[in-house]
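Okay, got some structures for you below.
What follows is chain A paired twice: with chain B in the first complex and chain C in the second.
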Partner chain A sequence: MRGWTFLLLAVLVAGAVYAAAAAVNNGYVFFAGYVVLQYVVLATAWNLLGGYTGYVNFGVAGFFALAAYGTVAIEKLAPLPLPAVILAGGAISGLLGLGMGYLTLRLRGVFFSIATLAMAVVAQTFVVNWNFVGGSAGAFVIRPQFTAWFHIDYIHYLFLLMLVLCVIVLATARLIERSRLGDGFAAIRDDELAAEAAGVPTLRLKLIATALSGAFMGMAGAPLPYYVTYLDPPSAFSLSYAVNTIAMPLIGGTAAWPGPLIGALLLATLQQLVTVTISSAVNLLIVGLMLVGFIIIAPRGIIGWFGIGEGKLRRRKRR
Partner chain B sequence: MDLSLGLFGNAIVSGLLLGGFYAAVTIGISISFGMLDIANIAHPAFIVLGSYGAWYANSRFGVDPLIASVVLMPAFYLLGAGIYQLYYHAFERRGDASLRGLAFFFGLLFITEVGLILVFGVDYRLVRAPYIGPSLYLGALEFPLRLLVPFLASLAMVGLLWLYLSRSFTGRAILAVAQDAEALRILGADPVRIKRIAFALSIATTSLAGAILIVIQPVEPSIGRDYIGRVFAIAVLGGLGSFAGTVVAAILLGIMESLTATFYGPSWSPAIAFGFLLLALAVKPSGMFGR
Partner chain C sequence: MASSLTLSGVTAGYGAVHVLEDVSIAVPAGATVALLGTNGNGKSTLMKCVMGLVRPSAGSIVAEIDGVRHELVGRSTEAIVALGIGFVPEGRRLFPKLTVTENLMLGAFRAAARPEIARNLDFCFETFPRLRERAGQLAGSMSGGEQQMVALARALMSAPRILLIDEPSVGLAPVLVRRTIDKIRELKDSRQLTVLMAEQNFTQAIRIADQGYVIVHGRIAFEGASAEALNNNELIRKFYLGM
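Entry: the complex of A and B
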């Protein structure tokens, strides 16, 4: 399938999803659906670095929440239209990824992982001490009832924007997989030393992956203040974002773009159901157990059962 | 002037004592990450588990938390041995330790944390002991016993571990496996068994480290996260696997954090460890005492 055909198909699917949600015409569908879509973006973004190059980023909450706080700051300084705010959030987190990567990516991968984990704590410390965006007390953001143009319900609008982000991030992931960039990423994941020796510019590729991955996580986080309307550091920087985002690609499979998509749809929907029917602590426990269970028993994830992502590996070996 | 000098002196003292505690928290990571190359990011979660063990023994039976934690150590040792066995079979043996191994420990961290929340709730817990409250005074300097006693307990543990590693046969085998596991196999020692013992030891230290933590401050299930950055910063800066380096780096970080908390406010101190870590990684990843 060519890139444009895929994009067209993805847009059609997204349109069908929106039409179906609108047909149900229940506010809860949009509320729950927003969270599911947000995790599709986060999981796919994480996989750009984690799945393709093999570098584990534990600082998802940092990238996600810093962009959300960027939105709060923009709202207080000079309100912009939401798509512009999302781009700004992407820029903030993309730069954060670039800086983090520049300092730690020259070392062994595990140091990068530890640094990202610590970065989330520091970003939280920074926000707690930043009184302009509410500090430890948190910040209120007023969500308009309707959009200024076309008079769409604002929750529907947020859902729609997240749907657009899903299409963009999935198309990007697929494009990377099929490009020279993706081959470079795979070379780094399989044997970084050999890749370096063969002339692959490993540091530059890793920086591209970190910046892209961070930028998409930021874009997923930027609309958050309008969704929750009250943002405080402990919930914005909650470790559950990181656990969910890492669990989804690993459960779905990290080798190809359908993996994070399937993992996110499955896990996020399950969580919405469990949170409503049982409790949110139990639902986090389920995610933790599923994560550990899957990486031990099914290291290729769900797409591994169907052989997706392996054919590509074989083709590459023959080449 | 006098006031700020006294403030400075006391900040140094409490930083020094805090550093002793950091050494206890980090020494397990120096073994597991520094010697065995296992990035156990769930280590701080096990420390919190240790805190809850000490808290339970203290509030239920009135046992001294530090003594209770020493009694509980064998249980933590067994837990560590079990985790290593699982880790070895699922990841290390397949040579797939990097991405999935890290995610495995991340999952363990999360399961431990959520498990503690489900069992004990999210309230802060604290322990009672005679040394919590009073202080020793040396001129203008104050030595709070709740920091001094953990400091001594921590140094005792680090000292004993060092003696064990440098004097006993198994201990020396652990040091050897850190350098070359294959050579150890040729010499007739089973590297997997040695690594299991070493990893189990690293988890056993979390029992006492957890008791020390809850003596110093009240504990809730997710408090371990604040220590992830600190623990790895100290382990890296100390030169992975070096005990002397770990103690020195721990005390340095303790003093820096204490000075920051005194002069800029305690809400900034978590950022110090990160700066410390980034500096260590950017400038000298082999640490101050690196081989």
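Entry: the complex of A and C
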């Protein structure tokens, strides 16, 4: 499938999803769906670094929440249209990713992961002490009831924007997999020293990966204040964002773009169902049980059952 | 035009540990130079210094490629590969979960090598027909000898002028060592390479080496201008041949 065909198909699917949600005509579908879509973006963004280059980032909440607080700041300073705010959030977290890359990418394996976790704590401390965005007391953001232009219900609008982000991030992930960039990422994941010896510019590629991954996580986080309307540091920087975001690609499979998509759809939908039927307290338990289960029955994720990834997709494209 | 490599006064180490002490080596254009020494004497570190993977604390490393001199110290590894210096790391270091073809393609990552990808790939498959049969196989699932072929072929994909090979014999059966060494000579002749090869297997290395250096505890202990000079050296008789 060519890139444009894929994009067109993705847009059609996204349109169908939106139409289906609208057909149900229940506000809750949009509320719950927004969270699921947000996790599709987060999981796919995480996988750009974690799945393709093998660098496990535990600082998801840092990228996600910093962009959300960027939105709060922009709202207070000079309100912009939401798509522009999302781009700004992407820029903030992309820069954070680049900076984190410079500081930590000489670390490998678990040391890198610990550094990213620490980065999220630093970001949270920074926000707690930043009174302009509410500090530890949190910040209220007023969500308009309708959009200014087409008079769309604002929740529908947020849902739609997240759907667009899903299409963009999935198309990007797929493009990377099929490009030299993806080959370089795979080389880093397999054996970084060998990649370097073969002339792959490893530092540059890793910086591209951290910046891109961070930027998309930021874009996922930027609309958050409008969704929750009240943002406070402990919930915005909650570790559960990192845990969920890492579990989803692992469950779905990290080798190719359908993995994080499937994992996020499965896990986040289940969590939303459990939240309304039992309690949101069960959410992390579900993640734990599913991770243990899938590591046993599908070590390469759900896509591993179908033989997607691990060279197969890549081989097909070359012949 | 051929290419040469000159190390002068290279000192390097890891933290407080000195591994190389004032090492000077000349690899003349078109020659095969063997770097001999047992484990832990600094052969691999020296190779890594040339490739920019370890930064020397003193000394200079100059590569003359097609008549242009380049100082290598301070350059990044990808820049050094881009100059035309290929590296076969110790223990082969393939990308085990990628196919043979993908491994080879990654050897041609540098911009200058890309237009020649198809020709270089053909050349590699001609040189190692076995790899053509196994093009779609995961590199990690191949035998040691085949993996060594992939490692050599991957280094050739960047169309190098100077080739550094770190311990090609590691983990190979004696007959495969002989074959690998023969292959290196064949490649050197057909591609007009300048070769620096670190090796423990003295008898095999000396078969194709024009010159050799013996490195002991990070210093050059003996410099042999010819294969005979190496063969008749006291030190080598003592360390390698047990005489």
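Here, the second predicted complex is superposed on the first by the 306 of 319 C-alpha atoms of A that agree within 3 Å, B and C clash if a C-alpha of one lies under 4 Å from a C-alpha of the other, contacts with A are read in each partner's own complex, and residues count from 1 in each chain.
Convention: a contact is a pair of C-beta atoms (placed from the backbone, for glycine too) under 8 Å apart; a residue touches a chain by one contact, two chains touch by 3 or more.
As the structure is a computational prediction, the values presented were derived from the model and not from experiment.
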Report task. Kindly classify A:A118 by the partners it touches after superposition: chain B alone (first), chain C alone (second), both, or neither? Result -> first
Query raised in the report: Between chain B (first) and chain C (second), which, if any, makes contact with A:P201: first, second, both or neither?
Result: second
Query raised in the report: Can A:G27 be said to touch chain B (first), chain C (second), both, or neither?
Result: neither
Query raised in the report: In the superposed arrangement, which partner chain does A:I295 touch: chain B (first), chain C (second), both, or neither?
Result: first
Report task. Using the superposition on chain A described above, determine whether A:G3 touches chain B (first), chain C (second), both, or neither. Result -> neither
Query raised in the report: Between chain B (first) and chain C (second), which does A:L103 come into contact with in this model arrangement: first, second, both, or neither?
Result: first
Query raised in the report: Thinking of the overlay built on chain A, is A:L285 touched by chain B (first), by chain C (second), by both, or by neither?
Result: first
Report task. Spot which of chain B and chain C makes contact with more residues of chain A, would you? Result -> B
Query raised in the report: Do chain B and chain C land on any of the same chain A residues, and which?
Result: none
**Report entry** Residues of chain A that touch chain B when the two form their complex
**Finding:** 50, 54, 56, 58, 103-104, 107, 109-111, 113-115, 117-119, 121-122, 124-126, 128-129, 136, 239, 242-243, 246-247, 250, 254, 281-282, 284-285, 287-289, 291-292, 295-296, 299
Report task. Please give the residue numbers of chain B that touch chain A in the complex, ascending. Result -> 39, 41, 86, 90, 96, 98-100, 102-104, 106-108, 110-111, 113-115, 117-118, 222, 225-226, 228-229, 232-233, 236, 267-268, 270-271, 273-275, 277-278, 281-282, 285
Query raised in the report: What residues of chain C sit close enough to touch chain A in their complex?
Result: 51, 53, 76-78, 81-82, 87, 89, 93-99, 101-102, 105-107, 109-110, 113, 136, 138, 154-155, 158
Requested in this report: Within their complex, state which residues of chain A touch chain C.
Outcome: 180, 183-184, 186-187, 190-191, 193-203, 310-311, 314-315, 318
